[in-house]
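What follows is a pair of complexes built around chain A, which joins chain B in one and chain C in the other.
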Partner chain A sequence: MMQKLGDFKLPAFFNYPPYFTLQPVRDTREKQIQLWKELILDYCRTQKVFLILLEEEFPLFSNPVIERSLNNEARETFLSALVSEGRAEWLDKGHRKCLILWHRIQDWADIILGFVKDNGLEDSVMTVEEIRLGIESRGTELHGMDRTILMRALKLLEHKGKVAIFKGTSADDEGVKFSV
Partner chain B sequence: MRRRPGIGGLQSAAVARDQYRLLGENVAKLRTDLMKEQLATFRSQLEDFARKHKNDIRKNPTFRSQFHEMCAKVGVDPLASNKGFWAELLGIGDFYYELGVQIVEICLATRPHNGGLINLQELCNLLRQRRKSNREAVSEDDCLRAISKLKVLGNGYEVISVGKKKLVRSVPTELNKDHNQILELAQAQGFVTVDEVERHLSWTSGRAIDVLDILLEEGLAMVDDGHRDRKRRYWFPCVSSISSSLGADS
Partner chain C sequence: MASNNFFLPASVTSSGRPVLVPNEVECNLLSNVDIEHDQDDAVSFPPLKSGHFILTTHRLLFLSSSCSSTAVAIPLSAITHIFSSKRSLKSVFHSPRFRFQVSATPDNRIFDSDPGRVTGLRSVVITVVVRGKGDWELFLSKMWECWRGRAWAWETTPSETGPASASASASLYASDGSVRMVGVGGLLRKEQEMWESTDRSLQEAFQDLNALMNKAKEMVMLAEKMRQKLLAGSSSQSNSANDEELGSKEEMQDWLLSVGIVSPVTKESAGALYHQQLSRQLADFVKIPLERAGGMINLIDVYCLFNRARGTALISPDDLSQACSLWEKFDVPVMLRKFDSGVMAIQSKSHSDEEVFGRLRALVTKPEALRHGISASDAAMTLGIAPAMAKEHLLTAEGKGLLCRDISPDGFRFYINLFSEIILDDLFLVKDYGIYSTWVKASSASG
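What follows is the complex of A and B.
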């Protein structure tokens, strides 16, 4: 029996109750954490989830079929494991908001560069919102991406001298000048 | 024989003994020769049989297992070496060699989940999934034979019986009687609680907790505190079937 969340196929361990309890024995816990890390990344990548709020409902945090859910400690442990590998970032000191990086910031930066080259935008100017939601990015991974992550990737590129970020005409958007 | 006195009597007694012995040896030799001959006939017939039913032996697991039984009765081990008549005729050594390698792979792949103890039935299912492309069917008997051949690799792989089920062990953990009883109890639901262990096995709670702790440490059990009744459940992946899809993915 393969359980599904929308079009996402859940792994078998998701139906095995003890995986919802943080394991006391170190080796077993490490294996458990590994499985959960993969599941969270996989799910977020395919469902385009960028932000997980620890205390809110999240489809992976509970399994009604077997009546189990992860407690906050387990949630924080699994997400912290992702953070320590650079695959997530806590947005607050209290560890309640977690940014999921199924691509690392560096990888997102490379994707942006690829997008720029593919579309001949080497010397162009775009707004951040255009990159996220404009026609050009449609069908690419950039489309609909999280603004915080996009800004991080752009800042990295700015640091390398590949883009210049400047305040746009409207107060809530910034412009990007590519110089790839 | 009536004993006669004197040297002559002793000598004739010795001669008679020699004659008896000679006769006895002759009879024994005759018997052995006859048996050897019978065995040789039987073997050559077994070979003829094998040659004739080569395809059945290869493709039909029931037939194969019966053939193995027959071989064992005549003292022929088709798996003894990969060279020689049997291997060449049947390619049967390669078949079990391949199974052995695949069994090792499956045991390694599922070890993170089950701690190195897997249900034989499940191992077979995984093996079949893995061998989907091969036409030859694989039975539990074949698995057992392949595993018995793995023993030459050291005391890693062993088949143990727990209750009605057979489990394949791929880690050198020693399971004692207490462990076995808990595993047997867990077969009903896939898990046990301390209460259940106390009740069914008439143990003190100290003993139950000690043994369960050992099984946790060995990676054979996992705890589950999520049930409504708030009672901790100890799950045993080696007796549940959950690992099937886990193993298949990796």
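What follows is the complex of A and C.
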């Protein structure tokens, strides 16, 4: 029977005990890391998970069925592998908080531009929170996205001259002026 | 070499050590020796070139050091005279040589019996040319000792020490006329008598050191005799004896087998060739322990076993490691194995990695092992080796990509490596064939 984590379908090898022990042999470890990278990205994409905290429970990192879980070294190894490919970022020096980028920042920026064009928002103004949680973004990948990642993508667009970011009326929200 | 049948043939072990007759002890060794006969002799044999010349209590052995493996023997009993070597001016320029005289039959063969009883014998003078740097004078004096010792004569006059005699087993009456005991009672009584006589020997032996020295040979003979008897007994009488008795017999047998190497190679007997000869002897020695240990045995264990077998003239760990490392140069059926972890072990060459991996693979692909993996002790049981050695094999197999590890509160276990079977582009794809699908079936069967 296919095992599930919420509505996420787990692959068969999730019940393979060595999958949860960091393998010491190079070739084997490389394949293991690749499998973990794919699984983490898959899971985060479908479950809209943007942040993994190493010290907190993360559903993917333990398997109660076979009573195995990844130790901290293994967690950090797999996440670091994602970081080195630009698919994740450490938010702290101690490598305890990891931002998962199932889309790279550049891809997120392209998605924002697509959203702007689809909704005829060229030359209009929105707040950051409106982009994340407003009616317009509903049903798109932008809806409910992580604020840190959104800001990164907007900063990239600002750098390219596609948007202007300015302080909004409330202290914790910024306004974005599109100029696509 | 058909023309070499002047001498008696001598058998050697697979590692090139001479096979000794019972109670024969090696005394000295000269390397790079030629054997010639006097020119004026009518009988002749082709000269033997550059070989090891080994002196034992019973024989002189010539082992050619080239690969053509000539091994011949001259029984000391055939020697009629040993010429004292003359130091002449000539000897300063020539390789040292010494001569002795043996009796030969008219048909040009060395005569292997007491020369006094047969007529028609002729004398042949054999010259030994020492081209190596060995201490030939010591060799010659030892040869004198052994020749005079007449060790071969002791055995032909059997020294019956009572019920321990192995030969009188067929008739109901023993050689002294008494009715031999039969059945379990008889066996027990025999055992009892044997122990009593052993006890006596031990008591006498330990009275003082001289007595011990005198008794040493007797002790070895006694041990040997007991071993022979036990070996014969365990095969023929196993049905009549009860389990307890069998157990104690086995124990004693083990014990006696470990009594020792009758003729250990020592620095004194082998000189410069010490390590080489030791290496060959070790190769012969480890065969039985290796078989028992399943083809691989820890070097430390070998050190203990070997020294226990030697009894005296113990070797140092350094001697052992040197002797082992010399195996690469000889054609011996064993090898020294260094694991990545630094553990050293002796392995028989037939106990190859491929064979071990084959057996491990068979073990880890059993349904139960697919589900729960295997531990080092599981592997030890299958391979018939010590768990520590089994773990080394498992780690080697892991390094080769055959196995994967699983470390959990349940312990350190190994599984068949599935990682290479999983397709990265489709994490959910399980092909219909191959070990991955076998594993999926086995693991889902468990519930």
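The rule we apply is simple: the second predicted complex is superposed on the first by the 180 of 180 C-alpha atoms of A that agree within 3 Å, B and C clash if a C-alpha of one lies under 4 Å from a C-alpha of the other, contacts with A are read in each partner's own complex, and residues count from 1 in each chain.
Note that a residue touches a chain if its C-beta (ideal position, glycine included) is under 8 Å from a C-beta of that chain, and two chains touch if they have at least 3 such contacts.
Since the structure is predicted, the reported quantities are computational estimates derived from the model, not experimental observations.
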item	value
Clash-or-fit label for the pair chain B, chain C on chain A	clash
Chain B versus chain C as contact partner of A:E57, first or second or both or neither	neither
Touched partner set for A:D7, first chain B, second chain C, both or neither	neither
Partner chain(s) touched by A:V25 [first = chain B, second = chain C, both, neither]	both
First (chain B), second (chain C), both or neither touched by A:D92	neither
Partner chain(s) touched by A:R68 [first = chain B, second = chain C, both, neither]	both
Touching partner for A:D42 - first (chain B), second (chain C), both, neither	second
Clashing chain B stretch [against chain C; choices 24-32, 60-68 or 222-230]	222-230
Shared contact residues on chain A - chain B and chain C	11-13, 15-18, 20-21, 23-25, 27-28, 31-32, 34, 67-68
Residue ranges of chain B touching chain A (in the complex, touch as defined)	112-113, 115, 191, 216-217, 219, 222-228, 233, 235, 237, 240, 242-246, 249
Residue ranges of chain A in contact with chain B within the complex	2, 11-13, 15-21, 23-25, 27-28, 31-32, 34, 67-69
Touching residues on chain A, where the partner in the complex is chain C	1, 9, 11-13, 15-18, 20-21, 23-25, 27-28, 31-32, 34-35, 38-39, 42, 67-68
Parts of chain C lying in touch with chain A, wherever the complex brings them together	373, 398-399, 401, 404-409, 413, 415, 417-420, 422, 424, 427-428, 430, 436, 439-440, 443-444
